[in-house]
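Per-chain numbering from 1; labels A, B and C assigned in written order.
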């Protein structure tokens, strides 16, 4: 009568296998791949993607989708760069950007909630809006010369591991956000509401859960995460560019899916998303190490991996449905 | 029960209408503490509307609603719960992927500094389950337990939320006999604790087994409130259908029909079955024969139809069509073989709401011909007009959208869709559910005339009177297994009911 | 008991055109009053010139895309990959035309075939594997640009072949060739969907998939076909786009055009939830968007900022279509009337 509980964990297991496999492949193929520096850079270079993927995990868990991620990241970066270069206090600029991102998400959430518009459409419109507004602020990329970014962020706040390798501030940010997200997903009512909402919205409503408020809040969190990813991206590149991060939303969604979260919502793991982000980073690193491969292969490989995981999920869903009827 | 006891729930003059429909008109309803009150009525009587107003899903148009003597107005299920009214629905409305403990405590999880205490939550869930005499591992996902246990978990949640009035909407429809008895034990225990319990169910036996009082609704109006022990079954039935027993026509099955059981078979099922659907089904439908399929909700009637029509694939047995083994892997193949199927839930599985009557009627015929052998506009109009007239669909024209038709007319459009394909076997699943009396009679007349023209019909209905009157043979199902077959003079409402209840009859 | 609610008038196909045409009319009226030279059309070398002709010409890419998109949306789906497919098609055409010895018809056929193949891919995922349309086509939306980059090896491929440049820049009987191409595709699409039962099947699947399946319609095949058709339309649009600028630019060809196409379809009266579709409406919608873009251009608004008003327009149109808002609005009007 009982289903194998582990059905839920099969995709997560597959994710872990892919991660270990790719890392081993790298270590075997290239000399320096196993070094601490590569590992630290893997986290640091993908920190902004990781934070964006945290937001995407919440949205997808709830059964929704957010396509505005990349555009909001680009908007945030050009907003901060322009503001700081025009003389605004950097901390204030960052705070403003985060508030704007959260408000942007709230706006989209309200449209989805109040008018029952499909999330993909609202966030697609949001993507174009944010992208266009970025160009309104500055049509070209803006480099940052403020010492807060050049010295404080990139040097003082880095945590040295040994005399050659230190953990960049971006990586620290990612780890903190990840732990926070893990906590929210598993130890707060809001987090559990997200799972309930994605599991069965109608039931959640009949159980008296605050479905509407949760929905709006989810997109607020996603907007905030996108903006925070934008802040980290600005730290990382020391500049703002309205044309950057096109398609970042797919990478974020890809990380979530590869991390074993069900695209229809209700089942998923924050830790899986972390592994998904690392897998995407590893693919990028591998292709860079290889040197003679076109970088556009990255996108194609990611597409294939996403496809494989979607098919795996389909297969598991069908198999467990068969098992269920067979046991009745 | 003291007569002067103040009622727990008092509803007076409740009215609720939807666009074009008066769902409830001036209905009174009273529930006392420590009683089980059955809410009875045929489909469309207004039971579910009443429940939904009570639990805050719908807002009433007028009337008063008092709980413990205080006027209440629940704006949402959550508000109703806060007032002390909680509901368990027929479909278990919980979250399958989450653990049992979470499902019981969701929305009220014990927290410290905003952080969920999983250990305390599990204890609380176990305590809630103890109230319904159940002990299980609350950390497992809900979906790993049977439907019956999920139902109990839902009740445990409802009790944990609030404990004045418990509404059970068709709680037994997917439970077996033993599970129903378990449920009733719990209900009796809760009644002893002073809860008011409202139960909505189709099953007459269960009403008499568990309820203290019965309120009967018909067509959105109150028929009356009765003490269960003082209301004979026959009278309850007549109150529900609105006819005195003497008015129920006695069914005459003449001698000729009994011998028609020897007809040449069109379709034979041998040991046909599928896990979770029906098992070991043996069924023969003769050419030009109406075979009735009777049984309670969830007994495997619709499931049998789905297997025959190629929606679900069988796992055992074989199907013979004209004596030759056949298997359909999709409705398309069944349709090509001359089968037709009007589903039980016509709004969800039947009509294409935003297309016209004409398009709905020609759809199946056109699909069978393929996209390229297109019916010309003129042919389409001719077919549509022909069937609108033949079946009596009341509409100003074939270009009206089907969504704007009444239930009865929508059902007629579906019949027209299939008649246009000139099927050999027509499967009708609850063709008269939720439609008005006039349309009902017309549809039943049509079934008879189709049979006279030589069409084979598999007739599924929960209205046993219809099954008894219109079928030459009745196959009775219980718990996904065929339990009897009645022919000729054996066919009567009473015999069907006996067979369903387990007093074996026929083979 | 439900009662019949008959409509007084029968719904005709052109009823859906009233709103988009009115919108387009308003935009044109604005330009008539405030933008100088907007309506000036002149004939040079047997060819019409003017802003209005430019709108028709530049709008043809979105017109082509919106035909395929209308059918996809009618089944309840969406195709986000059309921009990337345009890039792939353009890249194939540019690579082949520069290879000596490849006949021109083969270049066109190969380019369209690759686009159709991309459509098959989407169709297989949505129709066959039941992947949500957004996700299925999102994969190709980004991976597709990678494929286009691979084909062009990351370069911008320029070409000078007159036959290929004619596709986007030539003129026939005074009108630009892309305009004729769009009109021909409109005629073909109308013929395919309205003169055969395919249109009926698409609408029935979009409106109620289960009921359609039970009536014998093969929903998977219908879905597969609309994505294939959308791929073909994207391929044609890709040819026009590459031909326009005489090069294949994998990064920018068709970028953001998926939104324009969706917007055109929605403005044209087709609901995003699927069901009834309106091809003429989609064409008018495409012209509306192009007029909006051209108006902004003529009023010196930067092209990069163009997504902003478009995003606002799509939200406005969707809000107007939302049953919730309509109910609220009609509630307000009724209260006023009372």
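In the analysis below, a contact is a pair of C-beta atoms (placed from the backbone, for glycine too) under 8 Å apart; a residue touches a chain by one contact, two chains touch by 3 or more.
From a predicted model like this one, the values you see are computed outputs, not experimental measurements.
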More contacts between chains, A-C or A-B: A-C
Label of the chain whose CA centroid is most distant from the centroid of chain A: B
Expressed in whole Å, how far the mean CA point of chain A lies from that of chain B is 45
What is the distance, in whole Å, between the centres of chain A and chain C, each centre taken as the mean of its C-alpha atoms? 31
Quick check on the complex: what are the chain B residues that touch chain C? 19-21, 44, 219, 309, 311, 330-332, 335-336, 341, 343, 348-355, 359, 362-364, 366-372, 374-375, 394-397, 399-401, 404-407, 409, 417, 435-436
Taking the touch rule as given, give the residues of chain A at its contact with chain B in the complex, in rising order. 1-3, 5, 8, 183, 186-189, 192-193, 195-196, 199-200, 202-210, 266-267, 324-326, 328
Interfacial residue positions of chain C with respect to chain B in the complex: 1-7, 10-11, 195-198, 200-201, 203-204, 207-208, 210-218, 275-276
Using the touch rule from the top, collect the residues of chain B that touch chain A in their complex. 57, 76-78, 81, 87, 89, 93-98, 102, 106-107, 109, 111, 114-116, 140-141, 143-146, 157, 161, 274-277
Write out the stretch or stretches of chain C touching chain A in their complex. 78, 80, 125, 129-132, 134-135, 138-143, 145-147, 149-150, 153-154, 256, 259, 262, 272, 302, 304-308, 310-312, 314-315, 318-319, 322-325
